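Chain lettering (A, B, C and D) follows the sequence in which the chains are written, and residue indices restart at 1 in each chain.
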Amino acid sequence: MKKAGIIGGTGYTGGELARILCTHHGIEVKAMTSRQNAGKNVSDIQTHLKGYLDMEYTESINGSDLDIIFVATPHGAAMKEVPVLLETGVKVIDMSGDYRLRDVSVYKKWYGHEHSDPGNLDDAVYGMPEFFRSEIKKADIVANPGCYATATILATAPLLISKAVKNDIIVDAKSGTSGAGMVPSPRTHHPFCGESIIPYSVGTHRHTPEMEFVLDAVSKSSPKILFTPHLLPIVRGILSTCYMTFDLEMTDEDVERIYRDQYGKEPFVRFVDEPSVRSVVCSNHCQIGAKAFGEKVVVFGAIDNLVKGASGQAVQCANLMLGLKETSGLEVPGMGV
Amino acid sequence: MKKAGIIGGTGYTGGELARILCTHHGIEVKAMTSRQNAGKNVSDIQTHLKGYLDMEYTESINGSDLDIIFVATPHGAAMKEVPVLLETGVKVIDMSGDYRLRDVSVYKKWYGHEHSDPGNLDDAVYGMPEFFRSEIKKADIVANPGCYATATILATAPLLISKAVKNDIIVDAKSGTSGAGMVPSPRTHHPFCGESIIPYSVGTHRHTPEMEFVLDAVSKSSPKILFTPHLLPIVRGILSTCYMTFDLEMTDEDVERIYRDQYGKEPFVRFVDEPSVRSVVCSNHCQIGAKAFGEKVVVFGAIDNLVKGASGQAVQCANLMLGLKETSGLEVPGMGV
Amino acid sequence: MKKAGIIGGTGYTGGELARILCTHHGIEVKAMTSRQNAGKNVSDIQTHLKGYLDMEYTESINGSDLDIIFVATPHGAAMKEVPVLLETGVKVIDMSGDYRLRDVSVYKKWYGHEHSDPGNLDDAVYGMPEFFRSEIKKADIVANPGCYATATILATAPLLISKAVKNDIIVDAKSGTSGAGMVPSPRTHHPFCGESIIPYSVGTHRHTPEMEFVLDAVSKSSPKILFTPHLLPIVRGILSTCYMTFDLEMTDEDVERIYRDQYGKEPFVRFVDEPSVRSVVCSNHCQIGAKAFGEKVVVFGAIDNLVKGASGQAVQCANLMLGLKETSGLEVPGMGV
Amino acid sequence: MKKAGIIGGTGYTGGELARILCTHHGIEVKAMTSRQNAGKNVSDIQTHLKGYLDMEYTESINGSDLDIIFVATPHGAAMKEVPVLLETGVKVIDMSGDYRLRDVSVYKKWYGHEHSDPGNLDDAVYGMPEFFRSEIKKADIVANPGCYATATILATAPLLISKAVKNDIIVDAKSGTSGAGMVPSPRTHHPFCGESIIPYSVGTHRHTPEMEFVLDAVSKSSPKILFTPHLLPIVRGILSTCYMTFDLEMTDEDVERIYRDQYGKEPFVRFVDEPSVRSVVCSNHCQIGAKAFGEKVVVFGAIDNLVKGASGQAVQCANLMLGLKETSGLEVPGMGV
């Protein structure tokens, strides 16, 4: 049984890691930190875990006792923790944006401050098994992908890789509110968002350079993305609607073949006729669908933002890093209804 | 044209007063205060009012220039403002709980601090026209009813007044999130409340003594209420489900007659077969329905918590206090869908 | 007082017409038809209208007694009614898609059957006052615009007219469920759509040729639209997110100037920083916002699909056709919250 | 590996059985019937099950090849199927209301038609392991409890059994829309229910005699229940708010002790401070909480209506009937967020 720790175990990402791992047969949560709840029982805070994870939150965590640590702290805080943890020899998966971009100047431009750990940034592997499986297996530090980035990269990469489309992509994405985290804010205040759809960070969202960097890494196509996120009045789920332009017109069958070739053996990515948020919610699955219209093609990617878009994907990476079966702890279908 | 001021014009209650009054033909909003937005244009903050109310928020307000002032500040703050305003001769409607209870010891018990303005408390009239119309017409200070209290009192008073039921009442009420006000909190954080129903303040909600006091005032029945509010994942609307016990069993027809006798001439209260939140939302209407089962009777009251449950009822009172037609500015049906 | 009739008064569009007109000071509803509810009181079916519209549904309507008739029947049925009504000399506003396209072959392609009334199709005026005000004033038959088309045309026309953008437009639109009408269906079944976002009719929605035809009529730019509608778990509201490509790069200020020039005097269209569905819901207003990013520009259009997207716009047209003030009965702000 | 069949595999209950069983290590779904989808692959209809349950729907099922059959057909249809199945020697769990009541005259009164299988009705065991565990282990036919009945019986039985309360109970319950099943109807049409709360079947819901019968069976207290169900705008989850009257006043601690004594060893029922729908959704858990107020006590029961309220509880029973570990396939926590 591999031993895991979670730094930042009060938030949604940390809580979801605990929810997934508490039924995992190969990884056991041995420590969870929380500044505000240190000393309290985890299941008094995360009451749905009662009977599944009866342990206390601690102030800090000792890397040398553990096989892997998930760092679920905010952007900026993670890069303070990670180098210290890596020193102890433990493997680390960072859930924040701190290790997702390779270029420190791009990091500074989008995150607004210097990167304090450029050395480990160089070594970090982007934790998307569909494209970096072999690197993840060998990595000590994995940067877990952003939620929007996951849905969008999975939806667009195959066409970019196949050189079927131009590099100009429009991404109109819609996310449930849990993506905003557990801290109340005006935007996630129910009377404001509960019966509306709210575009935000139009063209300025930090997942933009992440998508561009990773898509370029896998396709060498220098993609340029115009990204418009919208907040939906649902709790979980992302639908990323992606618009691309063919270089040569293709039929729906041509497109489908490209996706089936790319993902046919993937355990968690499926090409379907009608991708549905509800079919993947509460699971690590991603559903993709596409329709061609003349020189344009629309591709949809649907995930649960907290599972494939965060903690499920991190567990998938942890399985690979620890030599476990990749799908361990994640073999559950979506809710459907 | 009567002149009105709104103290606390940033919050939902103040904003809703402005929304209603900006199409009122007899009352004009001449001043709105806001500590945080003083100097800004109201319609830059309340963007739906653009073109309807183009004025600046101010720090303070001068009672002597106005005919009526709505005090839409939190509990405790209002009783500091009200005596100063009354000195200037202006009429005042307080939207908070500060002037709803007559007994300062009951106030202290439920609100946790002394009442600093017991003199005006004695003079304040409870602003529910269906039961205190003549008093409201003569009042200088009106205490606008609470949202839950409005739905519940209107639903239960007729049976209490008719002495048809015992004094023991169970009120299971459900409210949209706008009732919690505009300040974000963990309970109204969408990921927490958006796909749930959350009981809160069980048996301890401050509208309990208000309901008991007012129902006793109108029925002399010393009602004892067990009140369980629940937060619903909708923005506007309250449904109050009230359970009472007959002294003598009655048919549905008997019950209906009591309600029709009580409310037959009321412009905003209607007895219907299937009371519906959606039928009253965005209007000052209250729909009431009832079913008798042996010795028990269930009565439903449905209102828009921000209109009949707050700002609409306040405008109804203002019309009475200023000698205008009672329904002015409020003659709009609910949305239906 | 002008006299109006509504054919198809049970559905959402007919009900919303009644809701708006029952507080209109210049138009009075004198007749409403309903096949299924003939003989019943309107306000027993549309319970929110009780006290506002007490009349019976009838089987049929007599055009010669009325000044204007709103035909709120489904596509295909309307073109059977309209020629008969026009014969009586009454003015007609058709709420369906039957008179929106000029070309009968385009109609047949998208609606799947022949157009049986090509003569009146030639005379029909597209009921969007912002672009066809003078024609509407003189029209006998007005084709009321589709909901998606309204939000999208208002959002994109100014840039097309100014020749600032190419003719290639991507429209990613999101609609509340009331747009689907009152007949239950699998897609609008709450367990299916209530916690999801559902793309549908991708590239095949009938508002596509309508948008293209009307935008071409106003801009002579032969626009080509890729339109992806999504069903949102809200009842009312449309947000249309439109992506266009500049011919010459523009700043946000350049873009704003174009919109302010176009709509500065319009009573119901406003350019704002952050367009919001919630700010326009329950009103006839449209909010538009835009952001430029290099050679691309994103424009948002927000409306209430049942008001500006259907019945409110129809009343606006009726006011023009009947020589009344254009804004009569529609001068109410959105709900805000 | 035990072999299971599902009759009626297209609906929500059948689909949820399949979702739970496809990760169960002791029971395998070998056959699913569907009249409308016979011949189609299950995962083309229930797309979330792709990769988990790849089999075809059939017209009928052969009991003699299987260990257990879940009958997920509507009320009335089940009692035609069950006797035929039992003849083949297979064990049966009926998900409908057909075998929940013992008295055929009560059945006829509430369901409106004669019971055609009174013999098996006598043998049927009510499938609530918390109260009928030993009987379920030996049963050939189990009547799976109703969703509202499950939440309410679990919440109220301990106080009734302890003779702490009178027999007069008010149950104000709120359910997600999935409880209404997969067939679209006016009540579950999103525009009607999506921003409302709708009381229905007030005092006439068929779970009323079920609750009374079962609570009497476990407590010999002849309970009389006034039951008011409400439809909530959420997909999954029931909160049952139950009001009882003490015979002798008790403290919260007294009440808590009764519940802990009753359920301390139960794997799926927990007494908590703040019971939460969201904490149990997608799991077989029930959370219960209570507050005493003078002579009254309010008890809350929260479940997922499709899991503990239907298919999860059926699997729990199947485990018992087949000699498997009771919690097999059900050891997953709720979603939390």
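As a working rule, a contact is a pair of C-beta atoms (placed from the backbone, for glycine too) under 8 Å apart; a residue touches a chain by one contact, two chains touch by 3 or more.
Model, not experiment: these values are computed from the prediction.
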Would you kindly say which chain has the C-alpha centre located farthest from the C-alpha centre of subunit B? A
In terms of C-beta pairs in contact, which of A-D and C-D ranks higher? A-D
Once you find the CA centre of subunit C and the CA centre of subunit D, what distance in Å lies between them? 45
For the pair subunit A and subunit D, the C-alpha centroid-to-centroid distance in angstrom is 36
Which positions in subunit B are in touch with at least two other chains? 12, 178, 182, 191, 195, 233-236, 276, 278, 337
Of all residues in subunit A, those that touch subunit B in their complex: 12, 176-178, 180, 182, 184-186, 188-191, 193-195, 233-235
Residue set of subunit C touching subunit A in the complex reads 170, 172, 174, 191-192, 195-199, 202-203, 226, 228, 230, 232-237, 239, 241, 243, 276-278, 281, 291, 293, 296, 298, 300, 337
What residues of subunit C sit close enough to touch subunit B in their complex? 12, 15-16, 19, 22-23, 46-52, 178, 182, 195, 235-236, 267, 270, 272, 274, 276, 278-280, 282-283, 285, 287, 306, 331-337
